[in-house]
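To start, I am sharing the structure in question, which I have written as structure tokens.
Chain nomenclature is as follows: A, B, C, D and E, assigned in order of appearance, with residue numbering initiated at 1 for each chain independently.
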Amino acid sequence: MADLARHGAATRPVPFRGGGFAPSARRGVGLAVFVALILLAEWGTRSGWISPLTLPRPSDVLATLVDLWTSGRLWEHLVPSLSRLAVGAVIGVGLGVATGVMIGLFSYVRAGLVPLVAALFPVPKIALLPLFVIWFGIDESSKYALIAFGTFTPTVVATYGAVDNVDRGLIRMGQSFGLSWWSIVRKIVLPGAMPGILSGLRISLAIAIILLVAAEMLGAQHGIGAYILQAGSLYDLEKLFAGVTILSLLGVLISFAVGQAERVLLRWRR
Amino acid sequence: QDRKIVVGALRLTSHAASFVAMERGYFREAGLDAELRFFDAAQPMAVAIASGDVDFGITAITGGLISLAEKGAVKVIGGALQEEKGIDGQKFLASDAAFQAGVKTPKDLGGKRYAVTQPGSSFHYMGAKMAAAEGIELEYVPLQKVGAIIGAMKSGQVDGWSIVPHIAKALDGSGAVHIIGDVADYLPDYQVTTVFTSLDNTVNERPLTEDFLKAFSKGVADYNAALVDRTAGEEAQQKMLDLLAPYVYPDDAPEKAKTSILNGAMRLNENAGLTTASVQDQIDWFKAEGMIKDTIGFDTVVDSSFAPVL
Amino acid sequence: MDLSLQGVGHAYSDLEVLRDISLEIPGGRILCIVGPSGCGKSTLLRLLGGLEKPDRGRVLQLGAPPAGCLNPLTFVFQDFALLPWRTVEGNLSLVLEDHRLPKAEAEQIIADVLARTRLSEFRTALPRQLSGGMKQRVAIARALAVTPAVMLLDEPLSALDAQTRELLMDDLVALWTRAPFTAVYVTHNLAEAVRLGHRIVVLSRRPGRIAEVVDIDLPLDARETGSAELERHQKRLWSLMRDEARAADAELVDG
Amino acid sequence: MADLARHGAATRPVPFRGGGFAPSARRGVGLAVFVALILLAEWGTRSGWISPLTLPRPSDVLATLVDLWTSGRLWEHLVPSLSRLAVGAVIGVGLGVATGVMIGLFSYVRAGLVPLVAALFPVPKIALLPLFVIWFGIDESSKYALIAFGTFTPTVVATYGAVDNVDRGLIRMGQSFGLSWWSIVRKIVLPGAMPGILSGLRISLAIAIILLVAAEMLGAQHGIGAYILQAGSLYDLEKLFAGVTILSLLGVLISFAVGQAERVLLRWRR
Amino acid sequence: MDLSLQGVGHAYSDLEVLRDISLEIPGGRILCIVGPSGCGKSTLLRLLGGLEKPDRGRVLQLGAPPAGCLNPLTFVFQDFALLPWRTVEGNLSLVLEDHRLPKAEAEQIIADVLARTRLSEFRTALPRQLSGGMKQRVAIARALAVTPAVMLLDEPLSALDAQTRELLMDDLVALWTRAPFTAVYVTHNLAEAVRLGHRIVVLSRRPGRIAEVVDIDLPLDARETGSAELERHQKRLWSLMRDEARAADAELVDG
């Protein structure tokens, strides 16, 4: 207190200069942005300020969705699409993880396959549609194959990156305790690579959804992709947007599911 | 001062009139500074007319076109390509596998897999009309692209299809696919493609639209005379083939291209005349299939004040 | 310029970290803060440096900072906090750039502090090329470059190996002896505290309160490892803290 | 030595149990795999064991490529495609990085845009082609827009992830030295996010190449995508594979270029 | 079982790390290895444990490991090397699983070593919930679980704060006093070395050679900080190493 008096006027609190640079969750803002955009579109299309050629009226899209739901045609389209997604993604992700782990573990596999995967990555899947018809037919198998092919390459890349990133110290520890090669792979490498594999899964599954439309170009009469394509060819914007909305919701849902899987499988992380 | 127009085109003989009018200066004579824009499918061309990027186009009557017409974006103003008894037209095809299994006529396709690009496409219409006439059911398989359909036909994964004559003949020649019938037998006077433009051009640019049709019709006349009726003589035919080859088959050897063009020559409508009965039938079919709204009528789609009605 | 903490308390949401801390930081001397893990030492330092706002109480600066002082309260961090994409020189100029000094003056400051920390020959090296000890020397040079009124050091030697720690302690003593500075020095290490501190403040377990204040009068340059007086202080401090340290160590981090 | 004698027969070298789990580069294996695959395809197509419907003969594909090169038509297709890629990717990546940085810095931007980006991510771009024609016309702008849209979302996600991962300790350091907000962003946040942004760029550019085909569905006469589409519609497998090979090479080249950019920009890392 | 190094040399590609090391590791005692940064201490330990093959010379194990020994040469690492996805218990069972012990026996081993390291109540905790000191105790428990013939400890306390280090040193002394084990203990820290080592081997700068071997006869449990004899040893070691440490510190890591 004596000090305080001595320094008199020059005494002041230390200025605060920390904080910030840590964006925090603002609940509801995301929803508000969606609602605002939708209201804007609704108002624009109603007032004629946005031509019906440019955007459908959101309320009409909603009506289309409701109609899809009540008429039961939603399931008619959703069930085949989901089964194509599931089978295709399981094949692609399964093979991708297996290949990625092999690349991560064996020098020769790595040397042989990494350039191949790098060359396959930028190949546009729609360009190969005519070939897929020949290779896999126009039934479900070509749809599975297309989705599997599309999810395979990103999964491989994510997986071998994840294996590469497994702490070598843990592996040396395993060796120092005389664990067998197979034990090390099973108990150290695979769990250690799991976070990377799961975050690769997020991307692979988003790609799978995107490829659904391409896959259903091939002789699909039902399916969300086919529904979108038909809406596009009829220039029926309400249906087009309804279909896109479904895919978008599906994507958000799948990403949420992966998030839940991460919460369970990666409980050991913070 | 020439007025600038953009004409949408596909690299098909059905668009020959535009190429002829372009090459022989008919557009210029009509005071039009025309530019050709090429597309690889009819649907984007229709959308491009709606968006104002293209002024005139030629395409089959599809669900998409009708839907755009309903939104007040486009209007059919004349006819372009037509089936005609006696002139080689579109063919029904069977894959080799189906053919070997006994599909020798269109009727034999009952219960089989029939390829279309998309629901509501002209392929769908042709198949459906044939099936109705024969009293059979078809399983329609949408494959989006002609290339995908060809692949599926060759590998026997679909059984039937219909396509313009030169592609049909080329495929038939390879032995992988067989011609089993003519579309004209089921759809006489089928108005395969039409000339269309934006609603704005029919209302506010009437003279421009009329000038376009005039020039276009000259091209039609030349083409029909040279390749369909063959009244213009051998030399005119050769000249016409020379003119068209680089447009239709830019990447192929000229001789091969010319054979294909000759094989594919179908009647173009004189003066862009429109077979209204066929158009009405197509619109009715779309309605029956539930692909377009019931409120759509002939006048929603067609402005018949520009070209003769057949 | 002195600092003064008056009845300071702080909590992170539900977790009370500091309780009722009142403390004067006298000028020209080194004040060490020791305490068990997680007792709020770093938080206290951040409060002093204005990187955190106290929930209760006041953190005051008494008097104006001396002339030429570019950044009165300057940190040295445990993990060095060097920008890995800048050279040694670049890391120093970083903290001068915003002050728009004449080019020659900035250049001279950099040359001077590099010389004082004997880093002149590492001027163009990137952090990844340096050993831990060298990196911390760069961080100290950076702190010196802004001629701080008070240096706030948060376990500056904890990330270093024992031998480098010895060497850097010698360096710090030499720097202080040549030109005494005011410093608050947070550490776990009692040997460091008795070696470098004029005054040692012992905090209790979380929520941190002041448990003890020890003054050591021996001049810094007269202290050396194994001196009986220092040993005595260190032993006493350890006996004060041992049980708390064990308890802190055995705590589960989040349930 | 006395010890040695004492223990007699039980003396043996410590068994080696380390090593492995560090796949090393095996030069040439990648090339060998490519050559082997191509030779296999060549032999298979020549011997009739692979039908010409399934795969083109590699030598024919090569001939097509050589022909494209010598006739100069390669450039005719490559130049428009490259300029579309360049403009589209620059717009998409530029906006994406800017948006990502904003999301990384501001709570409200984050709350508002993250859900929007998550909803846009799984939207298949080809489904929107008809709309793009209306919105952007059939000229270059719609192609730019499609590629920009496709690269935008992955860039945003990679960028804000990278900004989130910038060491907060460095930011606090900047604040403790009284750096201005803008200095911190420019000198700490952006360089710190650079590694993440660059690795996002790899993915975005691969996606840009994949979207080239979709973009050139929109009224393009020249361009590798248009070339592939045309080859596909004519079921001309030689041209199709030639086009795909070009895209694949382009992808490998771009990935190499990003690698070089990383070497230069991230010299400060090991 | 003893270990013996005979004329061992090792290089990583061009970088010679160790040169002509000959050394006997006597049973039942703790051998400390000290030396400046990067002199090859960890490499030497990896050679001893069979994680690295020597380029020159031989690493021999003399005699058979005692009965019941599941992993004769067992490491304790600086960074603990616990599997973060396994609980304390799971990390212990990891090293037993491959040996196909009867369930009850494995269970009994785990319970025993947890009790010896006073970790019984942390059995189901995940590593992230534990403080650094606790983590290293788990790593030590894991090492004890396989009843090693020789423990190889690579700076086991370097990642811990000074106070935890003190606590763990006490624990190690207690463990050794109760049941003496053979250990090679690598450290930077001379205080640790004189506290825990029966014999201290000083390595020179890279390429590491043996510069000095010091024996300390004082029983482990009689040693305490500040004892004059230990201080004397520590000072002598530091005077031996000081210049080398400074030189090693000032080295650029890669050009």
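Here are a few things to note about the model shown:
Keep in mind that, in the parts below, a residue touches a chain if its C-beta (ideal position, glycine included) is under 8 Å from a C-beta of that chain, and two chains touch if they have at least 3 such contacts.
It should be emphasised that the depicted structure is a prediction, and the values quoted were computed from it without experimental measurement.
Common partners of chain D and chain E, by the touch rule above, are A, C.
Using mean Cα coordinates as chain centres, the one most removed from chain C is B. Put simply, the chain farthest from chain E by mean CA position is B. The interface with the largest number of contacting C-beta pairs joins chains A-D. Chain A and chain C have Cα centroids lying 46 Å from one another.
Centroids of chain A and chain B (each the mean of its C-alpha atoms) stand 41 Å apart.
Between chain A and chain D the centroid-to-centroid distance comes to 16 Å (mean Cα coordinates, whole Å). Chain geometry summary: the mean Cα position of chain B and that of chain E are 84 Å apart. Of all residues in chain B, those touching 2 or more other chains are 43, 47, 50-51, 145, 147-148, 150-151, 154-155, listed in ascending order.
Multi-chain contact residues of chain D (touching two or more other chains) are listed as 17-18, 53, 129-130, 134, 172, 175-176, 178, 229, 232-233, 235. Contact of a single residue of chain C with at least two other chains is seen at positions 49, 51, 73, 128, 254.
Pairwise, the chains that make contact are A-B, A-C, A-D, A-E, B-D, C-D, C-E, D-E.
Chain E makes touch with chain C in their complex at residues 36-37, 122, 125, 128-131, 133-134, 155, 158, 161-164, 166-167, 187-192, 225-226, 231, 234-235, 238, 241-242, 245-246, 248-255. On chain E, the positions that touch chain A within their shared complex are 49, 51, 70-71, 73-75, 77, 79, 81, 83-86, 94-95, 97-98, 126-128, 142, 146.
Every residue of chain D that touches chain B in the complex is listed here, in rising order: 53, 129-130, 133-134, 137-139, 217-219, 221, 226, 229-235. For chain A in complex with chain C, the touching residues are 3-4, 6-7, 10-19, 270. Those residues of chain E whose C-beta lies close enough to touch chain D in the complex are 2-4, 24, 46-53, 58-64, 73.
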